[in-house]
Amino acid sequence: MEDGEQREWGAKAWTYLSSVRSLSPLIQCITNFVSMDLTANTLLSAGASPAMLHSPNESPDFTPQVNALYINVGTLSDNWLPAMELAAQLASKLNKPWVLDPVAAGASRFRLKACLDLISLKPTVIRGNASEIIALAKASFASTKGVDSSHDSTDAVEAAKSLANSSGAVVAVSGAVDFVTDGNRIVGARNGVPMMQKITATGCAVTALIAAFVAIDPSHAMETTASALAVFGVAGELGMETARGPASLRTHLIDSLHGLDQTAVISGVKITAI
Amino acid sequence: MEDGEQREWGAKAWTYLSSVRSLSPLIQCITNFVSMDLTANTLLSAGASPAMLHSPNESPDFTPQVNALYINVGTLSDNWLPAMELAAQLASKLNKPWVLDPVAAGASRFRLKACLDLISLKPTVIRGNASEIIALAKASFASTKGVDSSHDSTDAVEAAKSLANSSGAVVAVSGAVDFVTDGNRIVGARNGVPMMQKITATGCAVTALIAAFVAIDPSHAMETTASALAVFGVAGELGMETARGPASLRTHLIDSLHGLDQTAVISGVKITAI
Amino acid sequence: MEDGEQREWGAKAWTYLSSVRSLSPLIQCITNFVSMDLTANTLLSAGASPAMLHSPNESPDFTPQVNALYINVGTLSDNWLPAMELAAQLASKLNKPWVLDPVAAGASRFRLKACLDLISLKPTVIRGNASEIIALAKASFASTKGVDSSHDSTDAVEAAKSLANSSGAVVAVSGAVDFVTDGNRIVGARNGVPMMQKITATGCAVTALIAAFVAIDPSHAMETTASALAVFGVAGELGMETARGPASLRTHLIDSLHGLDQTAVISGVKITAI
């Protein structure tokens, strides 16, 4: 029974990945400096077309052309925040899906407020780790440990539902199990390997992949989000088979994402309703 | 006959690469955030010395020390544009070669104008994909697809000649075949593999390599440009032999570029007059 | 005798690395765009927790939470300098260790002054190449070759002692042999392989690793600094065994750093008093 459900999810994930490959959605990425390389390579390997254009001088011309927008606050500064806000406003106004990665949301009051302001601009999806989602749900600046989570993803399920309900976004929490909720339903994705957390920006990269998947079918943000998380995790599992450490895992993960075939996706994706 | 011509080009390319290795030209790179890592590693692997110094506070002291300047507008903003313009002015005034990569030139009016303004500062070489070169030649803001080309390189040959004539620069168009023209002559380079387009910033990296080659012999910008494109392509072909996807190709390409020997270059380079 | 000394250093280095792994110190990194990816991956592979938060809007909240601060002036601009200065002031005031990488210190007057101003904020450790340390000790803007050293590390021993005495910092000079001095004692570390200089940002990455080691035992900055340099070098030596060029060396170095065991560290570390 559960096996049948997983197969259905696998088939769904394969359909989305195939569409990303054939339609090559254009994804505007306003993301942090650390993650730009891995993010662009993740999108390219999945078949999408990344464009790291961020300037407020350009978004009025450029955002109307894109299929989705990805905003990540990792190396936030007061220079970049208006660029993020303008692009998010444009995306919302144009009914284009946009996805937020609230990196280290609780690390400072400035950052927390920036994330909450961005959330008021109606992201389609928010993906963070447990500490980030809890900080946002409580709207509280707390001593999280930098960009790494000090909570398990299971700790954040209620916070995620609450944030989904208050924001209208689908909320995803990454961890040993990834959770995705629209405030009502919850699904869990159990793909990936622990060593992925030893590679910088894998969280940022998978959020960008979510943007590419959501671009394919914006009215099913929960399904596309769960699928992107699982597909990235499957690529990590395959990459781990020959990895000798975090750096070779990174290489193999991207290679695997590029080469994923139907069998690997359908048999590998582990998504279930909770 | 054509074989003899290719051998001559191969010998020329080998001479340039050997000079880059022995002279280690210092290349000032004002480039986008996505490409900095690959660009620096490409230059180092080829034997050049990259320096990512961009601030207008520094260029008056620093640009006089360099052998060539490389400007790439990928993650353009109004913060960085004056830095690019100042360095380009200094390079022009000091008769140092400088090379422009007009990433996504047609993606916004701001970007198009910035590229045209930079071109008025007399770059030695401009390298772009077909869509970028067409946008510049027409000076028209058009809906290109972000940073990826929606045209074949052959579509852009006339645009490249026109841009070369109006700007005085050597113009290179990347694609399945790379074209290089000074507005009069045209040569084609047929190296590289399609998967290189699935690695972010390979275009940016090869433009930086052009800067290193042009630094060796600025009065032969067409020859050095074609050679750099072909040498990078040969490294990609060798890398592809053991690559399992885009990420391992990136690794193998850089390793191959570092290890290229005379035989590989002379037998591998495929340049012909057109 | 010397062998016994090396074993002691090896045991010490292993103790520090083990502590980094078990305590996972949080390291705030204000570093250049080129190096962010490798720096974060180096820290993660060593077991530390990197956080690339730089904005002056955040440091008053965030710097008090970190275990050490790492500042690198590579892609310096007048936008970023105040962020560096504020974080350094906070770290000094809070008695948190902070480490400076004065990339290309002599490349411009602006950069030299910025480095000297930062040094007046009392870094715990300064690590540079010979040309950088000489430029700082002489406080002279000189034509260095961009970011690469034009001096051997042995040329800089006196400059390093002088800088250590005037600044109060432990000073490390990287090169074929790495030197570390507090102005009085000197130790040398003879690990690493020449090809590491063909990978961009290895210098930046090892300075970040120094910050992680110093965070473990700030009152022994000389010992932790020498240990970090040697451990990174050992990882490079192991990585070199299977490397086919600079890019695969980079991958293998990070993999090796993640996997280093007690035997490899104790038998591999080559540190001696001089």
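Each chain gets a letter, A, B and C, in the order it is written, and its residues are counted from 1.
Here is the rule we go by: contacts are C-beta pairs under 8 Å (C-beta built on N, C-alpha and C of every residue); 3 or more make two chains touch, one makes a residue touch a chain.
The UniProt protein names, listed by chain, are A, B, C = Hydroxyethylthiazole kinase.
Being a predicted model, the structure only gives us computed values, none of them experimental.
Student: Look at both sides of the chain B and chain C contact and report whether the same residue positions are involved, with over half shared, or different ones.
Tutor: Chain B and chain C contact each other through largely non-matching residue numbers.
Student: To the nearest 5 degrees, please report the angle of the rotation taking chain A's Cα atoms onto chain B.
Tutor: 120
Student: Report the inter-centroid distance (CA atoms only) between chain B and chain C in whole Å.
Tutor: That pair's centroid distance is 33 Å.
Student: Please set out, as single numbers or ranges, the residues of chain C touching at least two other chains.
Tutor: 33, 37, 79, 250-251 - these are the residues of chain C that touch more than one other chain.
Student: For chain B, which residues count as touching chain C in their complex?
Tutor: 26, 28, 33, 36-37, 40-41, 44-45, 49-55, 57-58, 60-62, 65-66, 79, 83, 250-259
Student: Along chain A, where are the residues that touch chain C in the complex?
Tutor: By the definition above, chain A touches chain C via 32-34, 37-38, 74-79, 104, 107-111, 141, 143, 145-148, 197-201, 243-248, 250-251.
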